[in-house]
Amino acid sequence: MMAILGENRYGKAEVRVVHVDRGQQPHAIRDFNVSVSLAGDMLQTHLSGANDQVLPTDTQKNTVYALAQRLGGVEPEVLALALARHFVEGRPGITRARVQVDSYGWTSVGPHSLVRSGGEVRTVTVVHDEQSGSWVLGGLRELTLLNTTDSEFRGFARDEYTTLAETTDRMLATSVEARWRFRTADCDWAAAHQRARQALIQAFADTYSHSLQQSLYAMGSRVLAEAPELCEVRLALPNKHHFLVDLSPFGLPNDNEVYLAADRPYGLIEGQLLAEDAADAGPAWS
Amino acid sequence: MMAILGENRYGKAEVRVVHVDRGQQPHAIRDFNVSVSLAGDMLQTHLSGANDQVLPTDTQKNTVYALAQRLGGVEPEVLALALARHFVEGRPGITRARVQVDSYGWTSVGPHSLVRSGGEVRTVTVVHDEQSGSWVLGGLRELTLLNTTDSEFRGFARDEYTTLAETTDRMLATSVEARWRFRTADCDWAAAHQRARQALIQAFADTYSHSLQQSLYAMGSRVLAEAPELCEVRLALPNKHHFLVDLSPFGLPNDNEVYLAADRPYGLIEGQLLAEDAADAGPAWS
Amino acid sequence: MMAILGENRYGKAEVRVVHVDRGQQPHAIRDFNVSVSLAGDMLQTHLSGANDQVLPTDTQKNTVYALAQRLGGVEPEVLALALARHFVEGRPGITRARVQVDSYGWTSVGPHSLVRSGGEVRTVTVVHDEQSGSWVLGGLRELTLLNTTDSEFRGFARDEYTTLAETTDRMLATSVEARWRFRTADCDWAAAHQRARQALIQAFADTYSHSLQQSLYAMGSRVLAEAPELCEVRLALPNKHHFLVDLSPFGLPNDNEVYLAADRPYGLIEGQLLAEDAADAGPAWS
Amino acid sequence: MMAILGENRYGKAEVRVVHVDRGQQPHAIRDFNVSVSLAGDMLQTHLSGANDQVLPTDTQKNTVYALAQRLGGVEPEVLALALARHFVEGRPGITRARVQVDSYGWTSVGPHSLVRSGGEVRTVTVVHDEQSGSWVLGGLRELTLLNTTDSEFRGFARDEYTTLAETTDRMLATSVEARWRFRTADCDWAAAHQRARQALIQAFADTYSHSLQQSLYAMGSRVLAEAPELCEVRLALPNKHHFLVDLSPFGLPNDNEVYLAADRPYGLIEGQLLAEDAADAGPAWS
């Protein structure tokens, strides 16, 4: 029995490119991690190893560097769009390209000196399809948020394995992974990112939370409200548990003061929010 | 404008449970990392924080431990199936459960002493759906393979950014991430896993490779041939580049002898193989 | 032949404790990772398993939580000193305690809401010795710095394996790991940390660098100059190489614009600086 | 006040080199991660950036590759010794070199095909000093061991923060980090490593443990007994806690059957064992 080749793609992952713009004062840098993935009719290379339709992943890497030079210090969405279109438009055999760009932040501390801003990563995914054109996803990950109060969890379902006590005042912490879909492939990318990010933080801080699901909905809908360029948001929010330590064996009080920050297991809440008029997502999330 | 809640789920991730069977000689252990994710009509908790349909993720964790005791030292597929069915069948509000189990290997070195076998992880994903029943995916990750020869890469497409030289003899290394779909939810799980794993290794070793795509196809189709319990395989194969070091500046030869093992960037080849008679995958991969 | 027991110690590592001070507006938190290590005459437990002189590491963990409550929202140095003294003064068998506290930064974004500040970690090590008293080391790690220019590397030694070209204008980046020794165990800890950290950044930015060693010396001596509470600094500076990409095969210029950020290998420069009047370090670094 | 330069060194870290010996059947590989660190009179480069005594870390990297070719598929100790001596003997300014080699294991599965053996790493550190000659340390890390029984912990010291219950039957697991000092710089390295490793495993398995300290002593002294080439062993043994899960709320027994594998905090037991006739360690551990 013959095996049928289904979906497939290939590319170069994690091309680390840094662009310096010395024309600005202070010097500006873009610090990107770029991954390219191409799809098309690749049946022959799978069956026989014929490579005449295979653009080497080494060439893809070179292209990242070359376009970074040609484009200069652009927003990550601009580089991703240019790369994805380059591969599809440049080669008949490639019908779809996906380009992901992780972007790391830096803060100037002198005319040519910078400090890494921290763990948070801005993310971009562009899919360019021969038929349906360009699709842009923005997002971020490792944005860690914490509320010291205004969170409760009670009135939940119970079964024979439920031992959790209800609480009307708990600490709530999460490390946000968010991705959002742009309505178009042309936008003030930096401004939109900034507004979406700020909406996440502000909605998390403002919401009196009865569950992390409720916070998730508040965060996602705030993003859509503040960034009309967007029509969809997907959030994955780990519940980074902070357990109140029982100090009573030592005769000590613990009035929501001393917590154990746990690693594993953790809750994980995932949800998708759509604007009422969101168009079909096409291959955006593929 | 109101935001619409789309797909959503919630659960407890990375419950680390170890089961010891002292009834066997030598003592046998199961070392699992279990993640549960539940879906159903969760609109109210997102909108208002009403939690009466929310089974706490803490309860899910307890259930993992309780079923680990009830079932004893079973294959990971058995635990995952039992858990997924428990959640869907036990609660009207839950329409689908996904349970993932990572499994770590140990080797006995005495009647009650074991050594961790290494980095390779056996993976299981079970989806149990109220409508369509149980779906089982097996797999593995971090199985690192290397061929010192019998790999070439030439005759590839070229464009203005291509500088790669053709090679008729290169080192080929990858860290296999494989997932496969079982035809049914009842099987000799351990035997099937062993045959699929062995097929991956053997096909990688046996294939004279013109491209990693060709090796991928050979590996996937060998799995389907050797494990008729399976109807689909998905593989992600990073090309862990080993570059021949240029020693000519030092007057030294390097006849495929000394290599630089690179970290990033790396090639990434992804592909799906299907048996000719594979049924529809339903929610198996969701 | 009998094996002789040499140096030994035991303790609990990585106790994750978060303290919330709701008395302040906005709420203030301390996010610590505490490791305790105790030493004394432990020969009997090693030889025969007699545990009457062994304070369980579980007890050490409890003590971290209890003292976090008793002390409230203090600087990490204060908690570390209190813990180290508690163990040595409280138990005759313990002659030396080492307590390490990693501290993670948070920024307020609301009356009870905070955002993790990033990857940088503030470090504290306290050694309290029955004989010589308390010794305090501060420091930080994962402070990532980059100069886009004002760095050169030339005039270096050469041998038969040297191929590196001289450069008069390179990018210089490092991830600072710094530890410094306080002269006394009583100090304005927060202010000293802030001045030492600022001195590292400022000296890195200000120095026209002929080698990373020169930058290291400038950074360390600036710390000693700006923070007279300190008498010693130890620095480990990885040279996070950024290589200029050769775009000439594509007919493109690269005037210090597009760089490849490499992972491995990396340079590693380590050095110790001492104030002229630095006292002996005793067991501070043990 | 002038800052005094104390101890300092510089080098290239994590040079990833793979050597293939096609002359053997099956093909044999050596998979190493090499770090070099050099010391000498480096005052001028620190003060003024004068680099005429600085051998570039890039040259050190080249030297690793060149010597890997010259020596062929040797034990990691042989490569480390050759490198360390090369740097000290080749350059008057360098008075001490430290070379560390991590070695990863592979298992043949065909004439030119191999599988990575797992997470365990064999470690080597060579210090070559202009005055005192060569010093060799071997070792390993990430050797994970587990006893399902024959471990207790009771009769321990108690204070006001002790809540731990005594146990006469617990699971004991650790991830061994071991380093050992060779008496000479000439030895059957592979055989000695194999015997030392086997002694660790066997002593862990054989020892009825009253404390992890006791297991540590048993393991270290067994290494010295089985490998007379060695005169010192240092062990760091994390106590990877496995807590028995309380299933009584669910009416279920748990007769040492279901355990929670915890991440943090963990116990950490460190100790040094010396042969009675061990010579002074000189700069071996520096």
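Order as written gives the chain letters A, B, C and D; numbering starts at 1 within each chain.
Simple rule for what comes next: a contact is a pair of C-beta atoms (placed from the backbone, for glycine too) under 8 Å apart; a residue touches a chain by one contact, two chains touch by 3 or more.
From a predicted model like this one, the values you see are computed outputs, not experimental measurements.
Traced through touching neighbours, the fewest hops from subunit B to subunit D number 1. Common neighbours of subunit A and subunit D, listed by label, are B, C.
Most remote chain with respect to subunit A, judged by CA-atom centres, is D.
The interface with the greater count of contacting C-beta pairs, when B-C is set against A-C, is A-C. In this assembly, the C-alpha centroid of subunit C lies 23 Å from the C-alpha centroid of subunit D. Our note on geometry: subunit B versus subunit C, Cα centroid distance of 38 Å, whole angstroms.
For the pair subunit A and subunit C, the distance between mean C-alpha positions equals 31 Å.
Touching of two or more other chains is recorded for residues 16, 62, 66, 161, 163, 249-250, 263-264 of subunit C. Contacts from subunit B toward subunit A in the complex involve residues 1-16, 35, 37, 42, 45-59, 61-63, 66, 90-91, 93, 153-159, 161-164, 209-214, 216-217, 220-221, 224-225, 232, 238-239, 264-278. Within the complex formed with subunit D, the residues of subunit B that make contact are 16-22, 27, 29, 31, 62, 65-66, 68-70, 72, 106, 109-110, 112-120, 143-150, 171, 201-202, 204-206, 242, 245, 247, 249-250, 252-254, 256-263.
On the side of subunit D, the complex with subunit A involves touching residues 160-161, 163, 249-250, 263-264.
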